[in-house]
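Shown next, in structure tokens, is the structure this report addresses.
Naming follows writing order (A, B, C and D), and every chain is counted from residue 1.
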């Protein structure tokens, strides 16, 4: 069993209303100094040891992310 | 400027229908070997250098996560 | 890396100013990549007396696109104007040519409504494409000075079982719901139709209805020298400028990875919260009298808003692009002008009102910036970094674009199609086969319950929805005191239109009209969204021309005006166009919404079920021929609009006098389907007996137009049938409502338990889409 | 009758949607609705507060997460402490949970779709400020419309809620969102602060809603505010 983390983020040039909402709300709560927030998704997968990187990449691209508007990164973590 | 990543995940004992939906869909599409998926949120913040760890922790706990249902982790990344 | 045959000019070091353009006439420009034809480009050069700057080229190319300029449809659309009489115009406060048509509905109220297509973007990115389609049409309605009060969504998808439909449909529904629900606009109607021809070209049409006091109309024009141009709402980013990115030099926009902006998706992401706040902000600005003119930013962004405002006004306009609040770094003038960032509006404001305007925007946390002013000369001028990048006569951009008389030819295969009569298809013979056919049809994708879709839409918000899904027409209360309200319905049977585009458009109109009528409302106006294949295909242009004529002639026969519409060409995959799909929307008025007629039966025991209208053996383009035989051929049902009008009048009288407790129009699937729906929606059984001499198959499944089933309280049966016979409307008693029974019992077919019908009718979409 | 003396505030956040409907319901119940603005730290002397449905601030982070910090909410928290009746409907329920006035949290519907439909509920607690007009066990038909209405809380919290009779309503027949123990609404320990996902303000008139079963909630509150 391996643990895999996939982070999916809206592409830089794409509007990110969620991140924007967070960034706007922070100063109202007295938190200064946060200039930019982007919000995306974080997936944690448990995968069998024979699942190779290529498969993981395809899972991320086809399922976890929407390549039209999102970027993603896949990494294995020791568990 | 520092870059900070906050990951927010549903607590283990809380049902995660989104993660489950992904896990169920994968075998149908011919991807075997993924036994468990959980889906959470991933935030990337740009913060001024004088924002300390304690503040970041409070931002995560009071705002980015809901401690009733979610766990979170904060980490600084080099940019 | 793409091959560039043109020179790029704008870079961090150099601006393609009008002055530079005048000095470099020989510079090659990428007009073809921007979709301009050679002669169109030459015409721009003639207008300006020089080559256009990059910013000007971007502006002309988007504004002269089919979508913005209507260059292929204009010559046909004129027919709407020619067939609209003064009498039809009487209630119309704004018509074709404005952002949306406006109709006076009495008591000082006016209603505006319009449909827009967002077909292609919804194929590329279903969720965001559909969401921003809703956002766009809502801003159109706001630009009339109205409060948006409802949306509806006519949709077309490829085959229900196709894998790609499972990608597109749920995304589209989520997008429409996600955006509309968040705006607080009840969704009160629409369509979901499946057909092979939409497989790689779904149709996502979105309708919005708005309400205003009849003296509050806002028109989009920029007048009054010195008045300020204010851009407000979201910041401007690199959204939807995929096409224009050919103008950006690599050095200017390339990022570290060297991919440059050529890879920019032409997808926009919607932010419904920003739009919701923008709506409230706009309405407060209107109420406070702070706006002289207003325009929404949709396709073609600032290019469109500025040139249209200036063109409709009495002076020129000056814009300072450096003032535009940006979301992305390093945007070029062409990009800023063409950006399709959502949730933005543009207003013309008197200088003395600017501070008050800004105050309202601050209250709503809406970004607002003065970006220019109305000038006393003729031209639209745009400056960037101290240099003039645009200097054009605005009318040449907005109104005087190219106009084409495209070749029109009835396709040779049309005769073969019409000759392929469904009369030869095998029909169900005995009761068992009829029963099986009925159940199979009720479960078929085009006839089954739409609940899987509509339960994802909020139809309660604002508390004025009196009828919504499942109901033939959506009905909204407009005035809480008087109960005055409106009804809307959209319809189109594209199979009929394929067989006969002229009659098909009239049938779409007839059905939408009837759907409004069965709610007890009086139809008063028409809008449309004409979805067709390539304008360069003479066969498609024939379909288009015929459909426009059919719709215009039909509206004239009914005596209600076409107040506006939308044209979407190039809906095709390779050489195969979609079925011609002229979606027709009809608006109706009802004096007191408490009198509206619902669809479901069961108000009281023993009510009579009456079939209004005549049933003929008409199966061309029918749902039966598709579901059972996969057949499309013959001629569509005949349409008699004077009969539709009569039916409408009788229903309105019946509603007013309480003679009708339920009504449902008959269309796809015929009487059988109509009865199934009335029983299931009302959760009440009925016993149906067809006339002695009736051929049960024809009576149950024919799609003859001009028909409805009504449920009439016992004590009113005589009065109602006498009303029909006095006015010459055929009326046949076909059964009684049975509040005790839990089944639909049709003589000659057998007993159909409601549970079995429900399983058939409601199971299909959830099984397909989860 | 004559509760016209009572005034009930309805908060409008940017993105609130059912605020007008809540005001209409208050009016129909016979009280005076008062519009409260999110940015005003002022309750304008109202006798009770409704936090209405909608998507406050877009609900982009988490439903209700941003609204809980609005200036008006500070006042609501203070007033609630002193016993002022507060009702949160849908997004308002989410806000009250986020703000800690009510236990638990509302999460994504188990079916992953937004659901708008008429829903049967059973009245469980009929002693709270907002539910005295209902008979114990009464079944009501009231619309639900939400994408994140699945009520969750620690098992111990759920047990406590059950034990103290603080479950206001439960879904009957078909749970629309997968809520723990079919919970549709809960109240605080004193029975003053209540929250529920279904929309009683959309069930005040059979013309525009499925029934008028929701009116009882507003009438209940008026009974307390203006003792007969």
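Everything below uses one rule, namely that a residue touches a chain if its C-beta (ideal position, glycine included) is under 8 Å from a C-beta of that chain, and two chains touch if they have at least 3 such contacts.
Quick caveat: nothing in here was measured; it's all calculated off a predicted structure.
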Completion exercise
Check: interface with higher C-beta contact count, C-D vs A-C, is C-D
Practice task
Can you check how far apart chain A and chain B are, centre to centre, with Cα atoms defining each centre and the answer in Å?
Solution key: 9
Handout entry: Rounded Å distance, chain A centre to chain C centre (Cα mean)
Key = 36
Problem - Centre-of-Cα separation between chain C and chain B, whole angstrom - result: 40
Completion exercise
Residues of chain D that touch two or more other chains sit at 57-58, 60-61
Handout entry: Residue numbers of chain B (touch at least two other chains)
Key = 63-64
Exercise for the section: Could you tell me which residues belong to chain C and also touch two or more other chains? Expected result: 271, 273-274
Handout entry: Those chain pairs that satisfy the touch definition
Key = A-B, A-C, A-D, B-D, C-D
Exercise for the section: Give every residue of chain C touching chain A within the complex, in rising order. Expected result: 124-125, 128, 234, 237-239, 261, 264-265, 267-269, 271, 273-274, 327-328, 341-342
Completion exercise
Listed in rising order, chain C residues that touch chain D in their complex are 174, 177-178, 181-182, 184, 271-274, 276-277, 280, 364-365, 454-466, 477, 593-594
Exercise for the section: Could you pull out which chain B residues touch chain D in their complex? Expected result: 10, 14-15, 17-18, 21, 63-64, 66, 68-69
Handout entry: chain B partner contacts - residues on chain D that touch it in the complex
Key = 61-62, 65, 97-98, 103-105, 107-112, 150, 152-154, 178
Problem - chain D contact footprint on chain A (complex, rising order) - result: 17-18, 20-22, 25, 28-29, 39
